[in-house]
Every structure is written in C-alpha cells, then in structure tokens.
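Below, each structure is written out as structure tokens.
One chain, chain A, links the two complexes that follow: it is found with chain B in the first and with chain C in the second.
Then we have the complex of A and B:
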C-alpha cells in the first residue's frame, strides 16, 4: 500500500497540479496578510475560502485522478495485490498531497507573519484541521462516485452536483425549513442538520471558535453549549472522522465487488 | 497705615478658618468628632491610618481632606458619609466596606440637597453604592475610582448614582465591577467626560429621563449589557469608545426613546450590537466608527428622521438590520467596507448606490435561528440576487453616495 501511496503522491507532484494548488494557497495567504495584517480577520476570510474551495478542489482532483489513472489501476489489478490496498493507496495519496498543499501553502505565510506569537494560533490550527478533514471527506466521496460510474462525463457531473448540493443546495433547504417551521423549537433540529453536512459542520465549528456565537442568541446558546465544550468538540471531530470513515469503507466494499 | 494694618489683622483673625487634624496620636481621633467640632469653612485633615467609622454626618461647609490615603472602613454597617451641605470638599480618602442591602441604598458617600461641592481623588472599594447624589446642583465628581465585587444584579449597587440633579460634572472617574457603572435619573445640564467604566454586571452607563446632557471621551468596555440610555432629549454623545460588550444580550449602545440627540465621533468595536435603536427620532449620527461588530446598527422600532452621515462601517457581520419596509431615515456618504461598487469619475464617491440591508439580515430578523447559516455560500448567493433586484428589503434604504475610502477622521 505504501508503495502505491508513494507512487500516487509522486505522480501528482509530477503533474504539477499540487504545486499550482500549493502556490495558490501560498499567494492567497501572503496577499491576505499583506492587505491586512490582522490575523483574526485573515482567518475569517480564509474560512470563507476554505469552506467552499477545499471541497470543490478535493472533489475535482479525486474524480480526475481516478479517471486519468484508470488504465494504470487496471494494470495494477492484474498483479497479485489486494484491491483495497491499491485503492486505499491512491486515495490516501491524493488526500495527503492536497492536505500538504493546503497546510504548507497557508502555514508558511502565517508563520512568516508571526503566527506563533499571536493568539490566533488555535483558530488557525482548527482551520487547517477542518480543511484537511474536508479534503479527506470530499476525495473519498469523489472516489465513491467515480467507482460507481464508468462514464467520465457522468461521473464528473455527479461529483459537481454532489459538491453543489452540500455547499449550496443543502443550506438552501435548511434555510427554507427553518423559515417554514418558524413556530417550532428548531435548535435541536438545526444542530442535527449541521451534523449531516460536513461543510456546515466545519463552518459552525470555526464560527463558534471565532466567537460569533454571541450573535446567535438562543440558538447560539444551544450551539455553544454543545460545540463549545470539550465534549462537543470531540464529538464533532468524531462526526468528521465518521464522514471520512463511511465513504472510505464504501470504497473498499465497492472496489472489492466491482467487475473491472 | 497702622489702622489699616489692625483692620487687616482683625479681618484675617475673623475670616481665618482652622484645620482640625485627625490621626491615632492627635487630639481628635475620630472623624465624626472632628466634623462636629468644625464650623463652616474649616478643614478636617485626616492623616494616614485606619478609621472604623460609619454614618458620619456632615452638615457644614467644610473640607474633608485625606493625607496619604487614610482608610475609612465602614465595616459593612450602613452609610459611611452622609452629607447635606453646600460648598464642601471631600478628597483623598479611601473608603471601603459598605453594607449590602435589599431594602436600602447604602452608599459610601451619600449627598443630599447640596450645592457647589467637589468630590475628588477618592478610592472606594467593596462598596454597595459608591456615590449617591440626590437633589443636588453644581457638583464636581472627579478622578475617583469606585469598585466592588458585584456578583448578582439584585445584591449590587451603582458606582456613581445621581437622582434629580442639575449642572453636575462627572470627570475622569474609573468605575468597575459594580451593577451599573454610572447611573443618572432625572439629571440635566450635566457633563460626563473622560470616565472609564468596565466589567460592570449590567450597564457601563445608564441614564433615563436625563435631558440636555453631554457625554464625551468616555470609555465603556466589557460590560454585561453595554450602555443603555432611555427617554431623554437633547443629549450629546461624542468621542466615546464602546468596545468588547460581547454576549447574547449585549449592546454597545442601546437607545430607547431618545429625541434630538447628536451622536458623533464615537468608536464602536466588537460589540454584539453596535447601536440598538428603538423609537428614536431626529437624531444625527456622524463620523462614528463601527468596527467588527455583530450588527453595527439594529433598528427595532419606529424611528424617524434619523440621519447617518460620514460613518465608517468596517467588517461588521451585519451593517444594518431593519424591521420594516418603510424607511424614513437617511443614510448618505458613509464608508461601507462591504461596498463593491466602482468610482469611474474618481471623485471619491461610489457611482452605484449601496444597500446596507442584506436579504439575509432581513431573514434573520424574521427567523433568528437561521443565523446558523451565516457565511454560507448559499447566503452569499441570495444576498447577491437581492442586491441586484431588491424584493424584500426597503427600496429607498440606500446610501446613494457611498464613500470609496475609509474616512480618516480622528474619533
């Protein structure tokens, strides 16, 4: 598995896309801090970008990589290697290289601007952790889609749709249901609804750390009581881990069954 | 010449006021005794030491002055000073341990029906109420520090509490860890300046029915509910700083039923709500800075003819929240950090009007729970579509001349 992992990381490095991705974050970090050296504000702006962009990039990378290396994968399948190892190797390879680009790309400018001396270090770490989770989750979801669709175009379409659903449409439905069921107590519902969407969950996790909770009034108190405690933090991290684990298990299950 | 000398000497003997010293080794050991010995115009000089006295009643025009910070310990028994006199001075004292009560407003210094007095450079610690001033005129309260360890609203008092006063000056005081830092009720024609009020349980400053006052260069921070001002006319508030009043029920400044006021050059930073405006009419807000508040301005009731000009709105979660479809308030020539328009003729004024009320802020007003979707991509999209063609937000609530660059005017 390690060999395949290593191979897919080097493959991605050779294709230069992870460099582009790395330089994009590097530039973004420096520009943000150059325009405004207040780290807290830069973190809020970054959050907006990470929440939208990491899932999108993760999805596209995952799906592209699968379809592009399909022939090579088929070649590997002919060898006496376990299927789960091949796919896990590839999956972890992509996720790791994306995460590395994210962490280094943003880490370098922030460290250069004195992150270690600032109080924002915890918020920033949380941001990177959440970003990494989003990478792992969305690459896994993309792999699921590509494994179940032979047709490249279709697979691509589904993947984009999946991203669109989780990033935009889900929130729309959420909003509409909140407005429709205005007269019912909605705090538990909204807590549950955020759990079912990794993007929402990450967003709330960061927002509450940045202390926007005070704006939320009563609902905020419920959210703060849950996410603000160590228990809530661990359980939401746990849910993010589940969000990685289920798609990954499904990749293994599907790849074992699939007739190539 | 000789006669004149004699007359002069006589006058100076008659007019000469004496000084009564109080200390543990002096002839007079108690402040109360010294006060009862004194006549109008005398000075009671209290030397360094610890005095356990309470209910010291003063009804003469005397100067009570502490030397090297003598400590007067009220031992939690009633008031410490009760003063009903004109032309008195109280300065340089440290007063502590005032009784807590649920029925009486015990204070470190109670002043009743007095005129022309001066209370300065005192330190009040562990008080219930600090200075309680009733029905008085022409007083100066300056450079005092009042503190306590307020735990609950019901069992704590206010720092400077004024009731039915006129022409007062409250300057350079520090009030903290009380219920309300500064509290004024029926106070008029007074100046409140350069005070710092922080970490109070309820309000940093609280006034009601107090017309024609001026509040300037004060700082209010980390108060439980910020600053609340109600039912007053012709007030001026300028060069004040309201910051870090952060919590589910906090305001930088809560205005209720305020008419004809001027609010300018104030700095609002990181408050849950910068200014909460309820039923205020004919107010001018100019050159204020709203930085990183939850809501910069929140309208909650019938507000008419307010004008907002030359204010900076920077990085607030919501610039403006408005609860009706009608608008009778004017927003013009402000700087909005969220403004995305352009300025082709380079005159510093944006060519596209800015709409400070976003659709999301309208939705949040209707259904507060939806706030969990703050900063979601979907919310950005609906905000954008509303900006392009407004349906829900008031049509005429626009800043038609938004300034392109931050207004650098010293606050």
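Then we have the complex of A and C:
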C-alpha cells in the first residue's frame, strides 16, 4: 500500500491544482491577517471558509482523481497487489496531499505572523485538525460515489449535490424543522441532526473551543449544555472519526465487489 | 494451466459469459476470437481477477484464483487501452511497475528494441497513442513469466513495431510459455497462433487449430472462416 500511496502523492504533488490550492490558502492566510490584524478574528473568518471550502475541494479532487486515474487503476489491478490496498493507497494519497496544501498554505502566514508566541495556537491547530478531518471525510465520500457510478458526468453531479446538501440544504431543512416543531422538545433531535452532518459537527467543534457563545447558535448551545465543553469536544471528535471510518470501510467493501 | 469451469457473468441483465468451460494447456499461442461484445475481454479480465464472476470457478495451476492476488506475480497482462497517469514520465512508470513486482526484468533491451530511449524522460500525457502502446508492451514483456495475456496488442503500432511484437510472441512460444491473445486483425492471428478459441453468445463455440476451423467452415482463409462464423450469429 505504501508504494501506491507514494506514487499517488508524487503524482498529485506534480499536478498544477495542488499548487493552486496551496497558493490559495497562502494568499487567504496573508490577506486575512493583514485585514484583521488580529489572529483570533482571522481564525473565525477562516473557520467559516474552511468548513465550506475543504469539503468542496475534497469532493472535487476525490472524484476527479478516481475518474482520471481509472485506466491506471486497471493497470494496478492486473499487478500482484491486493485490491483494497490499491484503493486505500490512492485514498490516503489524495487526502494527505490536500491536507498538506491546507496545513502549509495556512500555516506559513500564521507562523510568520507570530503564531507560536500567541495564545491562539491551540485554536488554530484545532482549525487545521478539523480541516484535515473534512478532507479525509469528503474524499472518502467522493470515492464512494465514484466507485458506484460508472458515468463520469453523473458521478461528478452526484458528488456536487452531496456537497451542496451537506453544506447548504441540510442546514435549511434543519432550520425549517426546528421552526415547524418548535412546540416539542428538540434538543435530542438537534443533537442527532448535527451528528449526521460532518460540516455542522466541525463548526460546533471549533466554536466550542473558541468559546464564543454568540456564534454557537441553538445547536451549539444544546451541545454545550448536554456535553459541556470538554466532553462535547471529545464526543464530536469521536463522531468525526466515525465519519472517516464508515465511508472508508465502504470503499473497501465496494471495491472488492466491483468489476473493472 | 488454466481451467475454467461453468463460468457465468452478467452485467445487469446482459449475460456476457454463459456457463463457459475452457481448458488451456501449457505452451503455445491461443487466440481468443469472437464478434464485438462476445465476452473476450470479460473472459480475460475474469482470469486476471478484475471482473468478478457470478458463478463458476477459475483455476490457475490447479488453484482457484477468485479473491486471490498472489497468482498475478506469475502472469503478464497487456490491457486494451494504454492510458497512464499523465504526470509521470516513461522511466518513472517503468520503475514503478518494477518496484511493485520486484522480480527480474529486461526492460533495457525492450526499450531499445522499440526505440523508446528518446521518450524516457517525457511525460506519458504527451506521448502519441502508438508510443503509449509500445510502453505498454515493454511493461508487459519485461517480466519473465509463464503466462502472457495480450488484449488487442496491435492497436496503434507501426509496421516495424508490429514485426518486433510478433518476434516477442514467437520467442515466448519457443520458451514454452502460454500466450493468450485477443485481436481483430485476422492476418496477425493467423500468423502467430497455434489454436483458436471462438466465443459466441458467452460460450466457447469452437476450439481448435486454424486448419480445423477452415475445414469446418469450408473457407480458404481464417478471415473468411471467422466471418462465416460471425455471420451465423447475425442471421
């Protein structure tokens, strides 16, 4: 698996898009710090961007890598390698190279601005951890979609729909249901609904750490009341791990059954 | 060497291989022929483990290949469409496949035979179709294995490369290796193969030598014989 991983990372590191992505974060980091001149505020703005953008980029990269390397995957399938290792190698390769772009792209401007002397270092680290989680989750979801869709255009469409649903539509539906059923006790429902969306979960995880009650919103407040800050963070982190684990297991299951 | 029993494969409602039985003994060149969509590639891919059959058994050297992967150390496969990662160079790809299989190779000889030396440092995305196919052939023939599977090996090759390919196949035959080939170029098949396996409607319709197939269909050449067999399906 390490050999496949090495070659996918190598392949991606030479693609123009990894650099575009890296420079985008680099620029974003510098601009935000320049405009805000306050690291804490910059982190909040970054959170709002990362939470929507990393899932989108992860989804697109995952989908494109799968379809573009289809013939190459077939070449690998004819080699004496176990199937699951091929797909795991590719999956980890994409996720890691995206994470590298994120961590380096944002890390460089923040370190240059004096991150290590600032109290914001833990908040910032958490932001990067959550961003990395989102990379791993959405690349895995994208791989699930592409493994079950032969047609490239359809696969791409489903993947974008999935992102749109989790990033935008889900919150709308959630909000509508809160308004519709506001006569009922909704804290359990909203807890569960948050856990079923990795984007919402990441947002709450970061807001719990930042401890800005004005931004927490209803679900955040419920989360805090139910779990408390420390326990809430651990449990949401645990659920994020499950969000990586289940799609990955499904990639292995699907790839073992698929015809190429 | 290869023993296929009651192999059954369908894609959705389309039955591609229907209770297929085939035995291929060690040594010689076997051409798998048939009209478009007769299941040639599916059969080959089932042997390779890329297509997972619905029913049936495939034995290679007496052992089942289903859900296994180690047996692939012992075979070389040339895929139908040679499309490689565009960002890698030729030499990187060759080194990568070598690295994955870690057995002895003779790629230098093949690279100079097919005149690929000037292309070694070029990215695969910039190569022409024929050059990619040559790289594909180098990747297939650089390992010394007993079973060689070639899916449409002649695609895009220039006449000289074609002659070299035939030499490689003949050499493999002399060394007692087993070669499985699919092709639509009948003159090529006639020239190199010892035995024909003709697939029709997911079954083996005919298996035998070129002389036998000519006699059976009352045809003068293999091309006409095969055309006659395919015509029966259209009728």
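Assume the second predicted complex is superposed on the first by the 246 of 260 C-alpha atoms of A that agree within 3 Å, B and C clash if a C-alpha of one lies under 4 Å from a C-alpha of the other, contacts with A are read in each partner's own complex, and residues count from 1 in each chain.
Simple rule for what comes next: a contact is a pair of C-beta atoms (placed from the backbone, for glycine too) under 8 Å apart; a residue touches a chain by one contact, two chains touch by 3 or more.
It should be emphasised that the depicted structure is a prediction, and the values quoted were computed from it without experimental measurement.
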Inset, instruction - Figure out whether A:182 sits in contact with chain B (first) or chain C (second), or with both, or with neither. - result: first
Inset, instruction - Identify the partner contact of A:230: answer first if only chain B is touched, second if only chain C is, both if each is, neither if none is. - result: neither
Legend entry - Touched partner set for A:2, first chain B, second chain C, both or neither: neither
Inset, instruction - State whether A:192 touches chain B only (first), chain C only (second), both chains, or neither. - result: neither
Inset, instruction - Name the contact category of A:200: first (chain B only), second (chain C only), both, or neither. - result: first
Inset, instruction - Check whether A:119 is in contact with chain B, with chain C, with both or with neither, and answer first, second, both or neither. - result: neither
Inset, instruction - Decide which partner touches more residues of chain A, taking chain B and chain C as the two options. - result: B
Inset, instruction - Applying the touch criterion given at the start, work out whether A:153 contacts chain B, chain C, both or neither, answering first, second, both or neither. - result: neither
Inset, instruction - Could you tell me if A:257 is touching chain B, chain C, both of them or neither one (first, second, both, neither)? - result: second
Legend entry - Overlapping contact positions on chain A, where the chain C interface meets the chain B interface: none
Inset, instruction - Within their complex, state which residues of chain A touch chain B. - result: 41, 44, 47-48, 51-52, 167-172, 174-175, 178-179, 182, 186-187, 190, 194, 200, 203-204, 207, 211-212, 214-221, 223
Legend entry - Touching residues (chain side chain A, partner chain C) in the complex: 3, 7, 10-11, 14-15, 68-72, 74-83, 256-260
Inset, instruction - Would you pull the chain B residues touching chain A in the complex into a rising list? - result: 246-248, 250, 272, 292, 294-295, 315, 317, 363, 366-379, 381
Inset, instruction - Flag every residue of chain C that touches chain A in the complex, lowest number first. - result: 11, 45, 48-52, 67, 69-73, 77, 79, 81-88, 96-97, 99-101, 139
